[in-house]
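To start, I am sharing the structure in question, which I have written as structure tokens.
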Amino acid sequence: MSPLLSVRNLRVSFPTRSGMFEAVRGVSFDLGRERLGVVGESGSGKSMTGRAILGLVRPPGRVEAERMELGGESILNLPEARMRRLRGSRISMVMQDPKFSLNPVMTVGRQIMEGYRLHTGKSRAAARDKALEMLAAVQIRDPERVFHAYPHEVSGGMGQRIMIAMMLAPDPEILIADEPTSALDVSVRNEVLRIMDRLVGARGMGLIFISHDLNLVAQFCDRVLIMYAGRVVEELPARDLHAAKHPYTQGLLNSLPRLDRPVERLAVLQRQEGWRDALPAETP
Amino acid sequence: MAQPDILGPPGQGVPPPAGGMPSARRARLGRRLRSLAGIALSLALTLLGLLLVTFVIGRIMPIDPVLKVVGERATQAQYDAAYQAMGLDKPIWQQFLRYMAEVLRGDFGRSISTGHPVAQDLLRVFPATVELATLGTLIGVCVGVPLGVVAAARRGGWIDQVARVVALVGYSMPIFWLGLMGLLLFYGILGWVGGPGRQGIIYDGMVPTVTGLILIDSLVAGDWAAFRDAFSHIVLPASLLGYFSLAYISRMTRSFMLEQLSAEYVVTARVKGLSEGRVIWGHAFRNILVPLITVIALSFGSLLEGSVLTEIVFSWPGIGQYITKALLAGDMNAVLGGTVVVGTCFVALNLLSDILYRLLDPRAK
Amino acid sequence: MTQTTRAWLLSDAPQTRRQARLGALYQGWLTFRANRLAMVGLAILVLLVLVAAFAPWIAPQNPYAQNLAERLRPPSAQHWLGTDALGRDILSRLIFGSRVTLFIVGTVALIAPVIGLFVGTVAGFAAGWVDQVLMRITDIFLAFPKLILALAFVAALGPSIGNAVLALALTSWPPYARLARAETLTIRNADYIAAARLQGAGPLRLLIGHVWPLCVSSLIVRVALDMAGIILSAAGLGFLGLGAQPPMPEWGAMISDGRSYILDFWWVAAMPGMAIFVVSLAFNLLGDGLRDVLDPKGARE
Amino acid sequence: MQNRFPLRALLLASAVSLAAPMTLTVTAAQAETPADTLVIAHQIDDIISLDPGQSFEFSGQDVVHSLYDRLVDFDPLDLNAGIKPSLAESWEVSEDGKTITLTMREGVTFQSGNPVRAEDAAWSLQRAVKLNKSPAFILNQFGFTAENVDERVTFDGNRVILQLDQPYAQSFVLNCLASEVGSVIDKETAMSHAEGEDFGNAWLSTNGAGSGPYALGAWRPNEAVQLVANPDYWQGAPTMARVIVRHVQESSAQRLLLEQGDVDVARNLTPTDVEGVAGNERLKVLDELRGRILYMGLSQKDPLLSRPEMVEAMKYLIDYAGMESSFLKGQWKVHQNFLPEGYLGAADENPWSYDIEKARQILTDAGITSGTVKTIVRDIREYVDAAQTLQAAMAQVGLTLEIQQMTGAQVLDAYRARQVPIFIGEWGPDYADPNTNASTFAHNPNNADDAGLSQLAWRNSWAVPQEMNQAVEAATLEGDTDKRVQMYLDIQSQYREIAPIIPMFQKIEQVVLQQNVQNWTSGGSVTSVNYRQVTKE
């Protein structure tokens, strides 16, 4: 079976005063119906990779790749009109903070209905039913009330569930979750993740889970890409994470506190210039 | 020249209130009403202060209103009689109280520079200004808002540059000079528009006054010729004022839009696959409505003050000219009356944009 | 500039506060420089300052010398911009008039924002009844028809360029006060203010040391954008005969003089009109460019 | 004509580029005013009141003049013919010269339909005196006061009887009665609108109640006055059924209106604009000598200006010819006497000319080589330009003139408070008799600060010599017109020698009209504008 998404040698660059800045420098991976974690520090290019896939890199930013295919069909630098048809309906994205990523002056219901109606062409009533159904699906107890609420009237966790409901309403094949839980309280974090996991699994979707939280990714994903300075430095199954070979990954692991292996002092992450250009430790 | 002020929206800079489930809509409405009452009170205070300041200015002005009444040739005896008749021999606070009492009864006194009751004068000159300001603002909004939005959407592109130059040129033109030139060109040479004044002289007094807005009155009377005539007279000064407010409105719109377009929810909207037009107008634009309305209200308010210079150039019998003339003649009844009207409008516009803020922005307390 | 200085300035990791500050300035300058229109504005203003400074050496003729026989002459080799109703050389008057314009702009720019900054930050910082009182006063001045208020001031103080400028300054502070207050409200509850307060800084120190510097940049932008309005307002007062007194070559008064000749001797009004236009435009371009650099709102995407 | 840049062509070219946004506009055809309507562009923002007992502004008197008739009047088609009967058919003066009896014309009615009676005429004069507004002094000169006017001005059947306190010259009295304050008001109508003791003043301020050729259609201050013809006018209904006077502030705007054919008459064109329309075949320019005098007053309170040599030198520092041929061109003519041409006894000698050397000589001889004086001028183009010209001339003899521009009201304030060192401005006669100017330029019985007077001589702190005061008073009583003329000539001759108030120019009103407008008169130097004789071809 061909992968849902196949990316080869993706490059994203921006002109700056001191020449071109490459945010993503040759990232390659395939995504099947699985949960792929992308881990890295801020600035490692993980978010930009997600946006490049969605065609959301705005000029003067430039996206290049050997290949970027969705279901065997190239989506690299598609005309905006065609890209728009893919966005939302086949690939979707959940962002970090629902406080900012939901439109403050539109009711929740309208925001959910909007994308759904656009891609399915269904009637208002059908869209409404779908929205309520999705709200229920993300375990919102009183969908009717939340439907009419404004984003500022809901809590952060609920906001993120709304976001998930909204993004999954048109039944996309791939969901990119860009740090979906880092703005949330720890207490609601797991709940949101569980909901997302269940929905993605039930629909047989591909999930790209972007995070800086190695532990979270290890628990939640099937496979992990470790990114550093715009490159994938290592790729490995999540369960083998502890056996990571690349020193950067090891560094990341060591800088996390662990209950089973307490240390006096957490290790400070050491970076080496050489990693910037080294090839990934394991190419798929 | 009255330049509109760039002000933030009401409550600008106040962090968005922390969200929470509304207990009930009624409670929300009650809170809104209560805070509106507070606003109304502070507005009333503002108005009172405005009157007081105007009154004091009137008294410290070294222009003698008595002379205007009795004329250059008057003898000292005539002068003294008029001085007392005008109540100027009383202490200033007594004069103010007396004036306030009269204003509350709706009596603004008699203007000494026109010989008419001030209220009657205002009913004549203010509609002239309202008509001009409304049309000007309409032009400014209809052109300025789309221009600003497009400029923001195409930031750095040629539309943005053109919009910038158009707006800044509008800001920088001495409006009286532009007015004279426009009059010369479009009236004097081309004959496309009507000349100075609100109407062609032969239409003078032909349309019965209902609202005082000639465009509307002539429609009410069904007099198309008079409407065409009035329109041909207003179009040039209104375009000039419109250009000016366009400049302001488009710059502010652009700046608001840029702020919104960089917001995350815009990315969300794009992720949903919405067209760029929908993203801009359906999402970002809806978020700037509130501050934009404030800006438009302010710009309208500053035009309502009467653009004295435009009014002079176009012989437009508006409130700006009226107050200026009255001020220079020491005609304080007229100045006070005019200031009350303008100030009330300004305050009312503030209140209106506050109310709209409360109605339109779901985040408002 | 050498490559190393440049690199030092643009460093991502400045070593000292000074380097950081200079670096930020340099970054701003680079942004500003990229805005070609703003650079044009700046160039015009620099030129204006130079012209004003060297007016006696630049002006081809005495700006006050009348010659009734040579009145209302069109632009020619002898009088580049023609002569006015009293036969004075318009170019020379414009050149000397640049001093008046700079005086107006400079004085208003010194007075109004300072009053506004003070009133606004005190109101925003003190809150409570102080805020209420100050803002009511501000509102009163805002609700007042601006030109009328200026007219009243000038009429009360006597017409002269100094009083006109004073009147303009005294009538144009309220928007600055509102702006400064709004900025202060956002800053007031910031953590670093709390931190400074914990370190024992008094209210005055907080105001001067922490609040003012943060309000200044948005004020500067506003001032630059308002300068054009100030010039036009001053010209408006001149147009109404309440600004500069003759024979001072104030540009607005020159337009006012020229308007009676506008149909046949267009240059008498058009030349000062152009001068006002160019300088106002320059200020606007500059302000617009500064906004992109300094105003955090609506900048950078 | 100077070489001009083709601004119009230039603008026209740029119009093409601007044309797009303007396509909305209605294209107005070249307008022509209706044949029975006279449309006038004029600055009429000075009107405060239309009550004949109060109105004292140029534009207001223009309106009053058409709304009302007076007992005696001028013939608008022949102003030089002097006083003619009007509502009074005839008059006679008693032996002692103190009683004047006027017989009313029969069969004349007010616009209200009420008959014009001697009672109305007498009441009109009485109320003007009792109302005691600005123009009351014109009548008060004959000894009337609010207390005695009911006895002094009486009526008997169809005769009005005036009892004067002195045997004033008949021409003096009749000239005063011909001024607007002498207008005959419809007593019944006016009193039906009276409020308290105001004799209908509030109502008459904005309404008309006369027998004149026109009724008031509407008056919107600073905007327009509309007059409607009185079809039953006793001298025949006016040809122009409607007269509309539109307030247009700017000369250039007036000119544009005129050139576009939107107005028939423009009354406030600047010299340059008059020159500009000279080539237009559809327009004509009418020069009419008016009574206003542009003069310079030198306050005798100022230590420098009070020196006779300084006064003398100043007369030679004024560039009369230069100003007359430049910014005053066509609208002011040199006239160095306080009686305007057209007035009884006006002198026509103009001895002074611009002579820097002579002025310098006079000053050096007197030991004056430097000094600073201030002038406060009203913000009117001509005055400011005149002041600047004077400033430049004074600079040449080492004197500094500080110019301060102010609004009319402020200048008047300062002037009446005797605080203007050099005053440059106009004086307009109040009525058609030479005494109107003589009594203000050359009469000052009490030079004290608290004298409460308002004569120009007093305002300039000039203590007029006793013999000149007496001569001015005597001239009002001289019954023989020839002798009276000589008396005024003598006063003016002496005045030129000593007075610190220097008459410089006399006003020429340049009215520009469409070619088809006939019989226009602005009232010459003696009266106000008349519309009733105006026709259009």
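The chains carry the letters A, B, C and D, assigned in the order they are written, with residues numbered from 1 in each.
Note that in this section a contact is a pair of C-beta atoms (placed from the backbone, for glycine too) under 8 Å apart; a residue touches a chain by one contact, two chains touch by 3 or more.
All of these numbers come straight from a predicted model, not from anything done at the bench.
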Taking each chain's C-alpha mean as its centre, the one farthest from chain D: A
Per-chain CA centroid nearest to the all-protein CA mean: B
Separation of mean Cα positions, chain D and chain B [Å, integer]: 39
Whole-Å gap between the CA centroids of chain B and chain C: 24
Distance from chain C to chain A - Cα centre to Cα centre, in angstrom: 49
Rounded Å distance between chain C and chain D, as computed from the means of their C-alpha atoms: 46
Residues of chain C whose C-beta touches two or more other chains: 155, 158, 240, 259, 262-263, 301
Per-residue overlap in chain A, given as positions that touch at least 2 other chains: none
Residue numbers of chain B (touch at least two other chains): 62-63, 180-181, 184, 188, 328
Residues of chain A defined as touching chain B within the complex: 54, 56, 80, 84-89, 92-93, 95-97, 100-106, 114-115, 118-119, 149-155, 163, 166-167
In the complex, chain B residues that touch chain D: 62-64, 67-79, 81, 110-116, 121, 124-125, 180-181, 183-197, 200-202, 204-205, 228-229, 231-232, 235-236, 239, 312-315, 317, 321-322, 325, 328-330
Chain B - residues contacting chain A, complex: 16-17, 19-22, 263-265, 267-276, 282-283, 286-287, 289, 360-363
Residues of chain C that touch chain B when the two form their complex: 37, 132, 136-137, 139-140, 142-149, 151-152, 155-156, 158, 174-175, 178-179, 181-183, 185-186, 189, 222, 225-226, 228-229, 232-233, 235-236, 239-240, 252, 255, 259, 262-263, 269-270, 273, 276-278, 280-281, 283-285, 288, 291, 295, 297-301
Touching residues on chain B, where the partner in the complex is chain C: 1-3, 5-8, 12-15, 42, 45-47, 49-50, 53-54, 57, 60-63, 155, 161, 164-165, 168-169, 171-177, 180-181, 184, 188, 251, 254-259, 261-262, 302, 305-306, 308-309, 320, 323-324, 327-328, 335, 338-339, 342-343, 346-347, 350
